[in-house]
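To keep things simple, chains are lettered A, B and C as they appear, and every chain counts its residues starting from 1.
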Amino acid sequence: MKQFITVKDVKDIDALIRQGREYKANRLKDEALGRGKRIGLMFFNPSMRTRLSTQIAAKNLGLDPIVLNAGTEGWALEFQDGAVMNGTTVEHIRDAAPILGSYFDVLCVRTFPKLASREEDESDHVIRAFIRHAGIPVISLESATCHPLQSLADLITITEHFQESRKPKIVLTWAPHIKPIPHCVANSFTEWMLAWGKADFVVTAPKGYELSPTFAGDATFTDRQNEALEGADFVYVKNWSSVSEYGKVLGQHPEWMLTEKHLSRAPKAKVMHCLPLRRNVELSDEILDGPRSLLTPLATNRVWSAQSVISEILRNR
Amino acid sequence: MKQFITVKDVKDIDALIRQGREYKANRLKDEALGRGKRIGLMFFNPSMRTRLSTQIAAKNLGLDPIVLNAGTEGWALEFQDGAVMNGTTVEHIRDAAPILGSYFDVLCVRTFPKLASREEDESDHVIRAFIRHAGIPVISLESATCHPLQSLADLITITEHFQESRKPKIVLTWAPHIKPIPHCVANSFTEWMLAWGKADFVVTAPKGYELSPTFAGDATFTDRQNEALEGADFVYVKNWSSVSEYGKVLGQHPEWMLTEKHLSRAPKAKVMHCLPLRRNVELSDEILDGPRSLLTPLATNRVWSAQSVISEILRNR
Amino acid sequence: MKQFITVKDVKDIDALIRQGREYKANRLKDEALGRGKRIGLMFFNPSMRTRLSTQIAAKNLGLDPIVLNAGTEGWALEFQDGAVMNGTTVEHIRDAAPILGSYFDVLCVRTFPKLASREEDESDHVIRAFIRHAGIPVISLESATCHPLQSLADLITITEHFQESRKPKIVLTWAPHIKPIPHCVANSFTEWMLAWGKADFVVTAPKGYELSPTFAGDATFTDRQNEALEGADFVYVKNWSSVSEYGKVLGQHPEWMLTEKHLSRAPKAKVMHCLPLRRNVELSDEILDGPRSLLTPLATNRVWSAQSVISEILRNR
């Protein structure tokens, strides 16, 4: 694996899950792997779980992580080839990325979509420019389109909590939010579910919130949440803004907030969310503080997800 | 010791002082204690000495410190149980804290009082919410009410600089400032002095600046600064805002600025201040640049104070 | 070497270059030198390359770097002796610096000129106050007047790329920019060239952009860029604001942007720039993306420059 931006970069999802679970059982088993190597963590957007879990994962592998808060430190990069830089950008990615490539062995980048142009966001031009110009492996810490470290943690969590021989029923359900939210987590979860192929998977959201086919492919979609939730083993709750009316909030839909009542016909359903979340807007307290919630174990698994991916990158350079 | 928020969390103050002084003599003697463990340093408010000294103390113990600037990175947490989070807060402490608890072995938190409501500040609800929900030991790096790592450093400094068999006379004297300042350092110094019990201790401040009995208990108080300073061995200088007219500055009182003249009847008095300080407002240059000042040794002792507390926490998990 | 602020602090430039190149060949050869020591990196102004390269250099020497973003964290220091601090500054350098001196073994400081008063900037009062009050060696990460770690990296790069027995011709050429830029890199490059003395060196800039004689001494200066560039082996491109009309931009001079056409009579010329740079304003894409560019190797050499200086400081305490 030379880069980790989308599930398409992964040869063997199950091996990556398995390795993550092995690190969970023995976090220092590959402590020597990254010795003397350096990993850069560049944040164009803020992060708590992703930053911490990746720092910890890197250190578990003996790597030395260095954090760069490009966003808050106002490092305005230019991405347009041929630009005459007489405006607000202070450095071109063509000049900056190769230097990061010389300082680090692996580069991790977080960047959010602007939600202004679907074409621009789906091109994922920021992280792809780092890949093109840095000359070292690049790991997405969430980009304009996907959040693959989250999806791998999702799968580690699901496989830990489902031991039956049948396929689990997994539902990705849209939840209300007060502002326009990127599609990354939903896109990624869906494309990983499809690529993994070991679940009975359905996406449910109000009409107008269908995901982009680029990521959701032919995943089953319904706007009848109740039907979707019936018999679910795992319910992944997440808000996202509209794709067709790009980046817009089409209505509040408070009835989509997940409560115990919604799960009356899914007695075994475990509930997941990538966090951060708006309590009593996306999900009710009763679920979050009750036995269905997998939120803390899921966030904890972000460490093992990151460690599995960094390890794979280090081995395959 | 499972938490370190107030002097009430400490079983044996003298043992903690002694251990701090042992680390000062041999800073790496417990280098193996924290090996493979992680400590999170979360700042809701800025910090220089506290951050650096705690990072260094952690590393001396072989621990890996990770800093989170929750304040500047705008991570707006919700603390109200049952809140419908459709406003400005983005994550609930009930969801965030357990994850920090899973990433770290020890969590350090700095948070300031708002100085708007005495009741709210004295409840110390932010740091207490971390204690309640993180599931790991929590160390205060200054909270809404107290600054115990400072007080322990104060005591390390006092015991280093006083070898006589009699009790030292220690005076906490209010000093002028240009804006409303929290009570934490004064509260803490007073409650540690009372709990330690080995000093002849007096608090002096203008009328209206009496400390909260919650922390100051039955400490001797006088508004006659000159009498209080007479024969002092240690003079701790600090501004705080009013408690009775909560968070207010009741007047400038420039005559309370500590100068050599104020110490004319305290020839041996050493002067302390937690820093940062306003020169020639709180304390005069002549004192700060003269032989009475213990400010640099005191700030240096912040390392040994933190190291003693972290060590105690690690041993008693 | 007790401090590294200007070339005047260096006894043997060639030894420092040689040591830098040795670290490039074997970066961990002095891994034990800094073991158990601490280096503080204090930034009053933002930094990418300087921060990363110094962190990496420190770690290569076994040192533990701790970064302080004094600028973004709004730590307003007072530098005026005798100040009555009833304004916006919160701590005096006389109080802050000795504490940093007690926490660290080496202190690195970055601070920019304000470009308001030549006298104030040339006094370099911020970094000199740290030297005066910290009591430990201070390394400039760029100050109000100079950027010596950059100049040492420049010389490492030049010596790597020039094997002939004759003196290389080295040209420092002014380039357009859209806003007023400090003189530090140009000052430093010039004073290092003069002190090194092994090049045929010329500075070229439009009239009004002559450098300060404090740094440029009797360096050859011409406003005829074409003549200066003729036969050049190395062309260092950099903008700076006026010195005589202090801190001002005297005109755009777009014809000074370096392009291939400018180098028609310098076929072997390699091009350098300290970065960040404004593409197609200071330098053309054709040069930056062509074989003349030494920009990435130069920025990479910042690691070895910093490592050589820190190592020298550690050995000579």
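The definition used in the following text is that a contact is a pair of C-beta atoms (placed from the backbone, for glycine too) under 8 Å apart; a residue touches a chain by one contact, two chains touch by 3 or more.
Predicted, not measured: the structure shown is a model, and the values here were computed from it.
A.B. asks: List every chain that touches both subunit B and subunit C.
C.D. replies: Neighbours common to subunit B and subunit C are A.
A.B. asks: Quick one: superpose subunit A on subunit C by CA and send over the rotation angle as a multiple of 5°.
C.D. replies: 120
A.B. asks: Call it same or different for subunit A and subunit B: same when shared residue numbers make up over half of all numbers used at their interface.
C.D. replies: different
A.B. asks: How many angstrom between the C-alpha centroids of subunit B and subunit A?
C.D. replies: 40
A.B. asks: Give me the residues of subunit C that touch two or more other chains.
C.D. replies: 72
A.B. asks: What part of subunit B is in contact with subunit C in the complex they form?
C.D. replies: Against subunit C, the touching part of subunit B is residues 28, 46, 48-49, 52-53, 55-56, 59, 69, 72, 178, 275-281, 285, 288-289, 295-296, 299-300, 303.
A.B. asks: Any idea which subunit B residues touch subunit A in the complex?
C.D. replies: Where subunit B meets subunit A, its residues are 36, 38, 40, 64, 66, 68, 72-75, 78, 81-86, 90-92, 94-96, 98-100, 102-103.
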